[in-house]
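Next up: the structures, one after another.
You will see two complexes here that share chain A, one where it goes with chain B and one where it goes with chain C.
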Partner chain A sequence: MSAARRAPPWRRRLLGRQNQNLWFWVFVGPFFAGLVLFIYVPIAWSAYLSFFEAYNTVSPTRMVGFANYTDMLGDPNFRSSLTTFLVFAAFIVPTTFALSLATAVLVARTRVAQAFFRSVFFLPTACSYVVAALIWKMSIFSGVRSGLANTVLGWFGAESVPWLSVTNPPWYWLVIVSARLWLQVGFYMILFLAGLQRIGPHLYEAAAIDGATGWKAFRHITFPLLRPTSTAVLLLLLINAFQAFDEFFNILSSFGTYPPYARPPLVYLYYTALGQGQDFGHGSAGAIILTAVIAVIAVAFNRLFVREAD
Partner chain B sequence: MSPSSRPSVPSAAPSDAPLASADAPQAGPGRWRSNPALTRRSLLSLGVAASAMGALAACGSNTGRDEAPVGGGGTSGGSTPTLNQWYHQYGEAGTQQAVQRYAKEYPDATVKVTWKPGDYDQSMVATLLTAGAPDVFEYGNGPTIDMITGGQVADLSDLFGDAKADFDQALIDRVTYQGKIYAIPQVLDSQVLVYRKSALQKAGVTPPATVDELLAAAKTLTSGDVKGLFVGNDGGVSILGGPMLWASGLDYLTKENTFGFDDPKAVAAFTKLRELFASKTLLLGAPKDWFDASALTQGLAAMQFTGLWNLPAIEKAIPGDYGVLPWPAMPGGAPAVPVGAYGACVFAKGKNVDAAKKFVKWLWIDSTDRQLDWAQSYGFHIPARQSLVGRAEKLKSGPAAEAAKIVTDHGHAQTPLLWTPKCSTAFGDMMTRIVKEGADPKAEIAKVKAVAEAELERLGV
Partner chain C sequence: MAVVDRSRGARLGALARYTALGVAAALFLVPFYLLFRNALMTEAELTSPTWHLLPSWRWENFTLLFSDPAVPMARSLLNSLAIAITQTLGVLVVSGLAGYGLARIPYRWSNLVFYAVTASLLIPAAVTFVPSFVLVSSLGWVSTLRGLIIPGLFQALATFLFRQFYLGFPKEIEEAAFIDGLGYWGTFWRVVVPNSGGFAAAIATITFIGSWNAFLWPLVIAQDSEAWTVQIALSTFLTAQSVDLAELFVAAVVAILPLLLMFLFLQRWIVEGVERTGIAGD
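Moving on, here comes the complex of A and B:
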């Protein structure tokens, strides 16, 4: 303390009152450094690489301007991966939303063993995506008769279905979507449960007096008051859909190859930039384009759902 | 840093996520209306998303900025240099001890062996960008073309001497670029068509010699849940492209390094694969894919195209009840099997390039006893040299001897050196679209041709 008093005024100003600034950096500094070193430098480096021809190197010398970007935008496979994402998001976001909301409402209503049901639905969240994907691929949806799904079909005398090997009908979507729903619904259910608990019981009581129960109460009280939670859940779901990698990769890839269908952007970029390809220029350009797309969607989402609420 | 270990839920968001706000005093919906929290959250989440993209790129980029030598071939001051050598993790018991023993037995340098589990190819290409790369390393089918043109691997041509003719020609061609040899093949691996003798006899089927006979056999051998043929859970998409081209007398690239299968014969070959896929005689969705023999040994399929390495396991499970065949011929073509090998390479930017070259010459050219030990004592592989095949006890009789002969007579290098990963991806997409989705082979081949020709141009061919 005395040291601070004796110090020149510029230094006192730098350290702040009671060395506040110093302590701020002592506590925040390591995390900030980590953030800069492991997040922001790589992002900047990636942006830098996207303007170069960078095969097998991260310190490229040949600048190619926007060529990597035009290549990626002209690449039918990259465009189809973006379409895959859009179709996937258009399906998985509302489905997960509806299912987790429904489970949350049901669990909140339950008078018996509520804690038990809450835990049971939440438990899959603790499961690794990779492990779940392998279980889905190898034991539930394996193509032979011993697989769980085919055993069930066998009870009804149906033929075995090679779920992941055929594309017509595209059964692989059933496998991917069911795995993702199993893994995610519990987590969003907890978010909705938290939102539900914030709605005061007196509102329902008042509504009941006016004759609004059941569906009417849900439609006019629960759903509108859940709006903040719903908005957050929607955005999280959308971003999660964009990040789709684990279950796709582990369910559909085999020996360093990935089929051209159901190939989301991250999987495609993984094969472009990592793997044996090591084409960091195109990979980085793809990552930047993808980030831009997410940014646009998130801003549009913000305008649409948040501004409207103001 | 593997993307597959990324948590599914953005980890930075919860600081402002609704889960946390559940504990907050009951503020009612009005709080949300007047509060810019959501905007902030969107931005935060956006940051998370952006970070994820960055992290993807980071997996690659943080490998190259490491300028400090990480134990990279530092000389031990005195007479003998220290060499670092990398192997991928072999599955067979005793392999690790064997390579350590070879290293110890080498008199002219201290060789430190690193045994790499996990995704070897990827960590190898990443390490080669740094000064910490090993002096000596193995790589599947020799170095990639980008490693060669990038000057990462040393020219080993002068090490071979008279022994050059003794090595499998297909493999030497595979690791040769502009007349220079860049790797020494260690052992041969291949894939063959294995069939159950008893199943074929029972159905009155003779071992197929043409693709048409194979299709007919698969049909006869299919009954109920037992399928006729297993060529992988993807219906052969990832392993049959090459064999079908060679069986038709074609290849990925011609000898002059131009596109090799813009040809009606290729259209016919891929159409056959589609026919096979649609015939319902293929086993699809087996718990273990083609690299494991359990589909055959457990009776899920009567024939299987699988790795040579499975022969000991098959012999153990169904002793004597199996035979081996090459992938059968298309009309006007010849039977074919793929041949691959791990090749020993020398890092050209290391500190002890000459000592490293001397070491690989000693181990993979001069020490024939050690090469034979490596091929025969731990798993089942074929020595890369003709003279050693004759000395290999395990290859002297039965299906193993047939397999060795098949590889010598019908072997083709898995993919040409100039067939880059980008070409492979385009080829895989083509195979999937033709075989699984019934797309027009001619149009799909044209798409691959465009990609391959652009790649060849990039490489200056």
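Moving on, here comes the complex of A and C:
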């Protein structure tokens, strides 16, 4: 900059403008280079690999056209992994949303011990999915008598349930879903609490004068005004549901094997691409199909929730 | 009369609210109770069919865990710590700079670069794990700290949030610095950075938690036990053929203790941080 100041005016202007471009890349360059190298290049490479037969190699020579795609779409296991995701998302997204909102509303209206309740619900955010899976699998829902769930059943004279080793009824869903709820509800509650704080108390006072309190006030004031928060929370929950891997892997797999049911897409891809076969061709095709599905859902979500709000 | 009724109704409402919150809070604490109880039990207590409300306080479990040669717990803890700290500092610098550049330095293709950032937000990072693994393995970074740390330094969300934050940063301060002859670089480090402490702390907290608890990427990259993070070590014991239950729970306690202490002592600050980043619609 000092060089620019000493230079004659025409040069200063030129230098100044050049400097601006230069400085933009000094600031943004490192991040952008990393973004390209670790996100965009892998996606492009993946798209390339998806048209090749690539077992154990990333520089394949045999092109197979769309065969990997048709294989994946024709593979009942891959299709069932997509169904698994849809069922899982259809349950976990609205449930987490409702529970987080309910806790936020209850905590916000509490005067005594508010900080305590907030802390307790938020604390699980400190836990990883691995730790939660461990507690759920080995202590709460362990199939033996010493597990908490079976102990409680025992108090009522009921038989022990092998929570993770039966598929009919599919009790493992209860295990997986409750673990995720415990981990997530507190975080989204905090986001809702922040949203609730932005709603001015005078609105409720005015509504109370008109006779709207309780559920009516929630329905006509709280919920509509929480819209930006609600939209963001829904989107984050959806993205998180799509990435479900940790708890499925840790709760259901044992000694390197995974049961044939309850495989969300990432678990399926993990075993396809990084398992014994190292099948990068099919794994990449699956990743591209998943990306496409996410893009479609994101666009639909945008149409449904974001546009409407404007 | 009506006043009395309403206050009784209000009191009943408050009672119901506190009962609901109390029950929910108790349920939320049960897993923590089980974790700590189990960590201090003997193997016999852990498998006994009768319920033990309290453990026999077997503190040796901790020394047993760290002296077990088959379990690289100390090494995994060090790895996790090194990864979480470098990633947190790295993300602050890389995303802080990029966010400021995108928000404040006029450049013809600035918008295009910003679109590339937001578009990558829509692609869940986990979907790219197969191609990213391919890339990182061709760089020869499998089972290295480099492979675990470097790809995690480029967080589009952190850059996005920093940009939003700097867009709202008071321009007058920067203009004064500019007039004093500080260029973009000087203004950023001497004026902007000292005034973004709170926001940077919020991003740092979120990054640290995410990094410490990360699972899929370390699972893919850390194939040798020397490169294991705490989460991978835990997961390996959990899915192993024979499990030493007492050791498993002690390991889990060790794995969550750093974050748990952080949460207990910095709780207020973390909560404000999460709210402050404006992740959820501002």
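Note that the second predicted complex is superposed on the first by the 292 of 310 C-alpha atoms of A that agree within 3 Å, B and C clash if a C-alpha of one lies under 4 Å from a C-alpha of the other, contacts with A are read in each partner's own complex, and residues count from 1 in each chain.
Operating definition for what follows: a residue touches a chain if its C-beta (ideal position, glycine included) is under 8 Å from a C-beta of that chain, and two chains touch if they have at least 3 such contacts.
For clarity, every value in this text was computed on a predicted model and none was experimentally measured.
Residue contacts after overlaying the shared chain place A:56 against chain B, while chain C stays out of touching range.
When both complexes are overlaid on chain A, the residue A:271 reaches chain B alone and has no touch with chain C. Using the contact criterion defined above for the overlaid structures, shared-chain residue A:225 touches chain B, although it does not reach chain C.
In the superposition on chain A, A:237 makes contact with neither chain B nor chain C. By the touch criterion defined above, A:144 lies against chain B and chain C together after alignment on the C-alpha atoms of chain A. In the superposition on chain A, contact is made by A:261 with chain B only, not with chain C.
In the superposed pair of complexes, A:106 makes contact with chain C only, with no contact to chain B. In the superposed pair of complexes, A:165 makes contact with chain B only, with no contact to chain C. Once the two complexes are overlaid on the shared chain, A:246 sits against chain B and chain C alike. Once both structures are placed on chain A, chain A residues 38-40, 42-43, 45-46, 49, 58, 125, 129-130, 138-139, 144-146, 187, 190-191, 194-195, 227-229, 231-233, 236, 239, 242-243, 245-246, 249-250, 254-255, 266, 269-270, 273-274, 280, 283-284, 287, 290-291, 294-295, 298 are touched by chain B and, in the other complex, by chain C. Those residues of chain A whose C-beta lies close enough to touch chain C in the complex are 1-2, 5, 19-21, 23-24, 26-28, 30-32, 34-43, 45-46, 49, 58, 103, 106-107, 109-110, 112, 115-140, 144-146, 148, 151, 182, 186-187, 190-195, 227-233, 236, 239, 242-243, 245-246, 249-250, 253-256, 266, 269-270, 273-274, 280, 283-284, 286-287, 290-291, 294-295, 298.
Interface residues of chain C facing chain A in the complex, by the touch rule stated above, are 17-18, 20-21, 24-25, 28-32, 34-35, 38, 46-49, 51, 94-95, 97-98, 100-102, 105-108, 110, 113, 116-117, 120, 122-135, 137-138, 150-151, 153-154, 156, 159, 181-185, 188, 209, 212-213, 215-216, 219-220, 231, 234-235, 238-241, 243, 245, 248-249, 252, 255-256, 259-260, 262-263, 267-268, 271, 274-275, 279-282. Contacts from chain A toward chain B in the complex involve residues 38-40, 42-43, 45-46, 49, 55-59, 77, 125, 129-130, 138-139, 141-147, 160, 162-168, 183-184, 187, 190-191, 194-195, 197-198, 200, 224-225, 227-229, 231-233, 235-236, 239-240, 242-243, 245-246, 249-250, 254-255, 257-261, 266, 269-271, 273-280, 283-284, 287-288, 290-291, 294-295, 298-299, 301-302, 306, 309-310. Those residues of chain B that touch chain A in the shared complex are 3-6, 8-10, 13, 17-19, 21-22, 26, 29, 32-33, 38-39, 41-42, 45-46, 48-65, 121-122, 125, 128-129, 144, 146-147, 150, 152, 225, 232-235, 237-239, 283-287, 289, 291, 300, 421-422, 424-425, 428-429, 432-433, 436-438.
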